[in-house]
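Let me begin by presenting the structure, written as structure tokens, before commenting on it.
Chain IDs A, B, C and D follow the sequence of writing; residue 1 opens each chain.
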Amino acid sequence: MRVGVLTGGGDCPGLNAVIRALVRKGVQEYGHEFVGFRDGWRGPLEGQTKQLDIPAVRGILPRGGTILGSSRTNPLKVADGVRRVKENLAKHEVDALVAIGGEDTLGVAATLSGQYGIPCVGVPKTIDNDLNATDYTFGFDTAVNIATEAIDRLHTTAESHMRVLVIEVMGRHAGWIALHAGLAGGANVILIPEHRFDIDEVCGWVESRFKVRYAPIIVVAEGAMPKDGELVTKDGTLDSFGHARLSGIGDWLAKEIEKRTGKEARTTVLGHIQRGGTPSAFDRWLATRFGLHAIDAVQDGDFGKMVALRGTDIVRVELSEATAKLKTVDPALYAEAGVFFG
Amino acid sequence: MRVGVLTGGGDCPGLNAVIRALVRKGVQEYGHEFVGFRDGWRGPLEGQTKQLDIPAVRGILPRGGTILGSSRTNPLKVADGVRRVKENLAKHEVDALVAIGGEDTLGVAATLSGQYGIPCVGVPKTIDNDLNATDYTFGFDTAVNIATEAIDRLHTTAESHMRVLVIEVMGRHAGWIALHAGLAGGANVILIPEHRFDIDEVCGWVESRFKVRYAPIIVVAEGAMPKDGELVTKDGTLDSFGHARLSGIGDWLAKEIEKRTGKEARTTVLGHIQRGGTPSAFDRWLATRFGLHAIDAVQDGDFGKMVALRGTDIVRVELSEATAKLKTVDPALYAEAGVFFG
Amino acid sequence: MRVGVLTGGGDCPGLNAVIRALVRKGVQEYGHEFVGFRDGWRGPLEGQTKQLDIPAVRGILPRGGTILGSSRTNPLKVADGVRRVKENLAKHEVDALVAIGGEDTLGVAATLSGQYGIPCVGVPKTIDNDLNATDYTFGFDTAVNIATEAIDRLHTTAESHMRVLVIEVMGRHAGWIALHAGLAGGANVILIPEHRFDIDEVCGWVESRFKVRYAPIIVVAEGAMPKDGELVTKDGTLDSFGHARLSGIGDWLAKEIEKRTGKEARTTVLGHIQRGGTPSAFDRWLATRFGLHAIDAVQDGDFGKMVALRGTDIVRVELSEATAKLKTVDPALYAEAGVFFG
Amino acid sequence: MRVGVLTGGGDCPGLNAVIRALVRKGVQEYGHEFVGFRDGWRGPLEGQTKQLDIPAVRGILPRGGTILGSSRTNPLKVADGVRRVKENLAKHEVDALVAIGGEDTLGVAATLSGQYGIPCVGVPKTIDNDLNATDYTFGFDTAVNIATEAIDRLHTTAESHMRVLVIEVMGRHAGWIALHAGLAGGANVILIPEHRFDIDEVCGWVESRFKVRYAPIIVVAEGAMPKDGELVTKDGTLDSFGHARLSGIGDWLAKEIEKRTGKEARTTVLGHIQRGGTPSAFDRWLATRFGLHAIDAVQDGDFGKMVALRGTDIVRVELSEATAKLKTVDPALYAEAGVFFG
């Protein structure tokens, strides 16, 4: 059996751990051969491959990124895309394809598998943890640890000075990183895309915090929005408030708080450091187990499925179910965190 | 309502996070007052208390250890113990008791609650992750991260030299830390208490590893045992093999491998660094949510229960169920890891 | 002998390590008593003190911030300031004062000591490493480690994607953090305040980098400036280019690069996480030795001096020398790094 | 000009950073070509080489170990060794040789350069920091950081329990790691090879520590010895006390303290994790600058020299001076730390 592997979408610590587990188990236990496709769906679309065997996966477990490269290419949006993918899979004698990616990458896999008979198994990946049907995706724990360590360091300054500290974390559509890191880091305010915030309420929390002689730390997801704000530009900035394009919600918030409370505010924008570097132990464990179970599904001929975490078990779910909707933060869960605000 | 809190058993990162969450939600949402009992069950037994209010829990979230102290005192094994506990609870007007601890501490809570009508709620704690009825206990993720980072560092030496590297991690009765850290760190052999190892097989893996010009890394749980070995002393050492008392399984293994394969072997014994220091983000999140849900159980008058993690939910289970048996590594799960051995 | 201690200026990991060393050696070896003054020079100015003895310094070694608090209060700029400081020192029977701080705090100490006969010993502190007369100041190594770890994580993304990654670090007047972290992190461009950069040259490096199929990482000190730019606002932003106030040089750079090269660019602004949290081992060692030697100077009655690092030795220099001018990056040293640009 | 490069002796974080800096500057600024010799002096002895150019050094800066491999081979102890080295250098048209290593590796370079006219430049490397003529060697700061983090974690347990915690760190002949990490970590006792310890005095410190309700942490260098002890075996264990061979001074100490004070004691043996993994920012900076300056010396034809750190400058010293004697801890410096004992 020859198994193709591709990784699509944004960076995510743990991708290499999945690839390694697939290859180790596939080769050693099932006698599979592997074909690595380069740069996500561009690989099968354009027939770009990379050797993928046991020596190729040696030492990659702790490394961020992906040895296969990635892209956002979507063969369904390319003229004749499906036919070209099929041809290239045939040319490389690929019997099954493992697609590791987020909503978009897996959505393609769901369609190719369901409508065009290409035997796909999916492995869920998103740093934002917003993929349905799995308790967690790998990469998320790493991002939360990085953000939490950053918040920890801000506490020192918060103790010593009278400044508001704003930290902007990833999360355009879902506030999982902000919520987990905010709780783990002991933030005084957590703002997420799922819940439009009231800037007056935020300023109230800021002022009540100063009364205990301690400066407030505010964690804000990049996709969070004020109640009356409007997102006018594609990159999440708030032009309706008259601010520059590359300046995000963190800077906007700091500026508004300064204006309204008279307190100095400073911003940290974590940016891509949240999705780079070595994966946490949890993410390596999860990614490794996803890889082991995905190759089992391939061996079983159980296509159109995605591996998923449920409790401590790895299960198989329909690819279509997994990509049907975004997993956002439940209002009740967000409310639970509210006891620590202010 | 006045709520007593105690922490029992060994150190575990996240204890303070539980205490903080209990107090923040109890005071702010339910108007509770708190009594901190010192040093586990010794506190209620001897009437030793510590002030526990919002200022007392400020800044403790990221700190290891427990502000309440701990002990292994068991009031059920002390003459007149139950009566004394009851008297002290009455004296401090305590309406409910939250016991945070492992098998022993919660076992006492189960008995006091079930047989003596003392209103207890339990919060599970064990670095070893071997407590039944919950997917994970806090402290475990931190320990696994520490052990994984240590293994990562050993890989450098393994790449450059021809030495066998043995790393001994915690786990007397259950191999969870060894299994998770071994998988996450890319170890070549993982030895756990649940599965008696064959020293010849281990030496076989060692020798096959050297053939790929790379030295083997062996993760061994402190409670792991060779097939023919016998544990004669209480601290896990192998006197039947004629070795000194403080020298553990890691040293024994290194010595045997040197003798049998002729390769140099070196040992790292992580010891207590696995249970100290700041908790990981996951452990802070889990500990915080345990605290929030435990005080909800108190408020609901739902005693005799323990909070537990199931998937991403916090649920309540019977204290007696939780302490009924040890959660050990399933043979199938251990077998899954075997693909990476050698 | 009664010794006053104060910490002034911005946060810096290692302040508590100095305080602890002063007190431990002063009490144990010399029989000193200590008076902690709160919030920098505001303490002696307003007579605000804090108990400072061996129990007070227990456990503070690894903690960021300062148990004494800090401020930028300058008694020389306050009406009757010197007299009030003298009165409060007399009131608390203080025989000598140890001032821990940067240019401003030590400048006050130099004047009070030189012109007003107040017996002062200085301990140098600045995260920016721009204080003259000492090889390094504590806090700097911690900041460089934090920035280096952040750059490490960006490399993953740089490997996988075609994006320019900009990281803005501290350094308004001196580029030490940018230079050290940039070299240690393997940045492709390092921009410092001492050397006005040419945006065309930067874009040239960016484009040459993409030719080796690897995205560029640019480290920029917050005080760096383009050749033709003008700093119009106090917070280092570039209003002459028409950008918003809270948006700094990192965002400006990303925007310009996008505009000129057509490549996407993303920014990380580390902000205050560089000056918070636990000090690195080097900073704890340096801060501890500074404390031990400063109290020796007090005991010797050697006032008007500052302790300083020279090689591996702690020496005493004139306070006035130390604060005479800023230590900026030597052009030759910056040129040395140039081999790695592009 | 063709430049040979080799790395000898034990692992040390920063080796790859030196190699990268040599190659980047040599190729880009001086037009050098490079020949990598494999496995230390074995490379030139046996003519084993490895391609060494700019692509070969891409991405190696943060990686521990050495891409060239290492060994303890000494061509001066091999029949006809010098002639064979000369022949192989001639065969590969090598005009100059950069040897990166410790006392042994550089001692060979000193002899080959001084007595046999082979043009060598040395770069000092030892994790133990015991090489003369340089303020620091790279690798040392990384090891100290790792050991300090481990001690930090032990404090949690020390706070909560009544156990003595012993941590054994590297240092057979010099106690630099123990001294720096012990001071940085706030240890209560530091034992180094340069100063034979009195076990009764150690037990005295242990007992005085318990009186402040806090358990003692003891940092012991692997080469430390009790006053009356005798080292009978080559691996530093104390057979004269009747203990097993693989059990080191840490275990011995824990056992003796238990016996004499009646307190439980636990040991952590850090082992090879101290010399693996990514280098600290300081070590990367130092290693990079060593590389840049070593290639300058090659270009200048200034052979028989070693680069060394003096304050913040990189200087050149005679290779023979550097390897003349071991740099051990000065008794006065050790005495300075004594204020924190007990």
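Here is the rule we use: contacts are C-beta pairs under 8 Å (C-beta built on N, C-alpha and C of every residue); 3 or more make two chains touch, one makes a residue touch a chain.
Protein names from UniProt, one per chain: A, B, C, D = Pyrophosphate--fructose 6-phosphate 1-phosphotransferase.
Since the model is a prediction, treat every value here as computed from it, not as a measurement.
Trainee: From chain B, which chain is the farthest off, judged by mean CA positions?
Mentor: C
Trainee: Looking only at C-beta pairs in contact, point me to the busier pair out of A-B and B-D.
Mentor: Most contacts of the two pairs: B-D.
Trainee: Rounded to a whole Å, what is the gap between the Cα centroids of chain A and chain D?
Mentor: 40
Trainee: Could you grab the centroid distance between chain A and chain B? Build each centroid from C-alpha atoms only and quote it in angstrom.
Mentor: For chain A versus chain B, the centre distance works out to 30 Å.
Trainee: Between chain B and chain D, what distance separates the C-alpha centroids? Give it in angstrom.
Mentor: 35
Trainee: Two or more other chains touching the same residue: where does that happen in chain B?
Mentor: If we look for residues of chain B contacting two or more partner chains, we find 152, 155, 159.
Trainee: Taking chains as nodes and touches as edges, what kind of graph is this: line, ring, star, complete or other?
Mentor: Drawn as a graph, the chains make one closed cycle, so a ring.
Trainee: Would you mind writing out the residues of chain D in touch with chain C in their complex?
Mentor: Answer in residue numbers: 24-25, 28-29, 58-59, 61-62, 135-136, 141, 144-145, 147-148, 152, 155, 159, 180-181, 183-186, 212, 214, 278, 280-282, 284-285, 288-289, 292, 310-312, 336, 339-340.
Trainee: Taking the touch rule as given, give the residues of chain B at its contact with chain D in the complex, in rising order.
Mentor: Of all residues in chain B, those touching chain D are 11, 13, 63-66, 69-70, 146, 149-150, 152-157, 159-161, 163, 165, 167, 243-247, 251, 254-255, 266-277.
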